[in-house]
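Each of the next two complexes has chain A plus one more chain, namely chain B in the first and chain C in the second.
Right after this comes the complex of A and B.
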């Protein structure tokens, strides 16, 4: 198995309790942890040289009633071994009142990602300086990227109610 | 002096693309800039969850208008990784050549935008014309000019037609023969130098802290390129250099773009020489009954703007469960731009924005 991945796995396992590390292949390592450990894990990775937050994503696992946050971390480096590695740090939070602490203190560029997830998944990030709308222009009862948001029904309820101009003009 | 709020875009003449920046200005100095995206939010990632794996190809290429080909590659690579499909060697070369052509086209488009904004109309028109020559090549190869849907899981849709190699070489020679003209009129022009030097400066530390990739990072002196770090397609089969500059201002960024175009042309010649014979695609399962195993993956490539990635999750069904594109303009446009605009003059907003190579469709998705 590849050296960098296994070494990283050992290091993470020796530094944290209650954490699950999986070396997927030569370039990917997946870390699963509780939500209160996220900041500690991310700062640990940053100290170890993995200093680039690539993406914060979210997956709605509606059957488990959980949202899965995925932080993808890589390294700014010209070393080939370390540069290849992408670490996926995952944590699950409940769907009903999703709340998590922001990671802006660790990675400054997390700001727009968290703003986007707040808007599209309704996750509240504690300590975030501006959780204002980013892309959308309307209010939604269910955040639109969740699995239970029915796009078809929404379109029928909202846009189909707007009358056509032809009807007003009286004939076609 | 009184502080005023100024809306720069989406209808502002200096704005290229559907993007808006709210500026707080004192006189003509910018006190605070707030990026305001969303004018092109089409919800593609949500729509992708409702279409089968193959039906998503016409969608993904429309995410970024300027360079649809890297989006296709990302999606095809992610599907290949999830489903365990191999790509033949010739297809890897075809992909690399095709993607480098796309990179040159996209850079010429970028050069058009930048030169146009600075008032170099002649150079802008040359760049647009030369991009059109590349679109002609794409039209012959794929049937489409802007959106090609050429890259496919397991390879590419079709092989190069007869005589296509010579056509690529001729087109690149036509464009290459104009490099001295571009240099004399634009890149070595003192007006460009005076407008761009020390404008929108970002130090190496700031660039790393704020998640810069691509030219923005390479203009601060770091040799970072996914094609070298994690080679995909046939990029590890030929020798090539990563162009770098050290100043981190608009001038350095545009020069990195220029050097990259020339490097891409050389790379295409090398790839064409080494190209093996053989098949260009492996058969994939029946797309109407194609279920992909319950897995997730993150793939990345170097688009013409920097690191482009795709986080793709499958739950074992015939549609993606979740797709999330990591686009280079996202951090450039929403984090770095706001910092880079502080204390600059209103006249330089377009200059900084286009030199950071921001495209709005990529941010909004």
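Right after this comes the complex of A and C.
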């Protein structure tokens, strides 16, 4: 019988106060913590062998006025039980002034993910070496992946306003 | 050579040569490029129609835009198009360059490609089959025969309108106008 998830839950609960751990199933553990604990939790996981940051994703909870960041951690390891694990470290930050410390010191490959989140959700990562645009060329008033960004209105205001060349010639 | 076409060859050798040596620049913007490898390789051998893929815009005279055009790629599409020698023809491949397709309300894809560069023909579909490429090529032949594939002439004539539209989306362009002298003459 496989108890990796339950074991990990006990380990995390014994090392941190004020943390909420859910064992979704034995290979998927979700950890909810405050934003000042993120780096501590991630480096704890790294030390216990989960050394691969798969992805950082973000969820916009517009009714709670909060953004939820999800760090997905797994492991490169020979141990089959550990290698199958997926750990979701979740933290919530306020939507109005989203700020968080970067986790590049722990996982170096977080850099492009954080740049992307900065661009699409407007989250400011303190200590990030270059928070420059990654994909987008235009500037948006509201970052475009937030729920209150109205894509249809934006399209009508920007792309639909550009006239066809034939119309333009006819008008003049 | 087809003997029936001998008259045409003698009448307008330039047009016939343009027709049967379409060197294609594939702009791999989106999913449409998936249809291109089968159409240029043995299954639907594109060289039967004189269609050959080339490496750079400087060698090409048919510009095939395969898939959606995001704001960032529009900049490079314009640059590549301006580098191509005349006569040049553009074909939009798939429904995304026509009117946005499934990205009609996206925040970062442009909806009508012909607002920014002249487009001679469209291949509708999402995605079009490789056969559709050849249908488009044969249509393009008739257009060239009748002198209706004149997108590059339009670009020359209406360059200032096109440039205005481009600058509205991309901000200030970092390269100088292609046809500055013509613009000045008109003024």
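Keep in mind that, in the parts below, the second predicted complex is superposed on the first by the 167 of 172 C-alpha atoms of A that agree within 3 Å, B and C clash if a C-alpha of one lies under 4 Å from a C-alpha of the other, contacts with A are read in each partner's own complex, and residues count from 1 in each chain.
Keep in mind that, in the parts below, a contact is a pair of C-beta atoms (placed from the backbone, for glycine too) under 8 Å apart; a residue touches a chain by one contact, two chains touch by 3 or more.
As the structure is a computational prediction, the values presented were derived from the model and not from experiment.
Judged by the touch definition given at the top, the superposed model places A:135 against both chain B and chain C. In the superposition on chain A, no contact is made by A:16 with either chain B or chain C.
Using the contact criterion defined above for the overlaid structures, shared-chain residue A:144 touches chain B and also reaches chain C. In the superposition on chain A, contact is made by A:107 with chain B only, not with chain C. In the superposed model, A:165 makes contact with chain C only, not with chain B.
Of the two partner chains placed by superposition, only chain B is touched by A:52; chain C is not. Within the superposed three-chain arrangement, the count of touched residues of chain A is higher for B, of the candidates chain B and chain C. Contacts of chain A with chain B, set against its contacts with chain C after fitting on chain A, overlap at residues 135-137, 144, 151.
On the chain A side of its complex with chain B, the touching residues are 27-28, 51-55, 57, 59-60, 70, 72, 76, 78, 80, 83-84, 86, 88, 107-109, 111-113, 133-137, 144-145, 151.
Here chain B touches chain A in the complex through residues 37-38, 41, 43, 45-47, 50, 208-211, 217, 222-224, 229-230, 297-298, 300, 307, 309, 311, 313, 321-322, 324, 326, 330-331, 334-335, 364, going by the rule given at the top.
Across the interface of their complex, chain A is touched by residues 71-72, 75, 100, 104-108, 110-112, 114-115, 118, 154, 158, 161-162, 164-165, 168-171 of chain C. Across the interface of their complex, chain C is touched by residues 135-138, 140, 144, 149, 151-152, 154-155, 158-160, 162-165, 168-169 of chain A.
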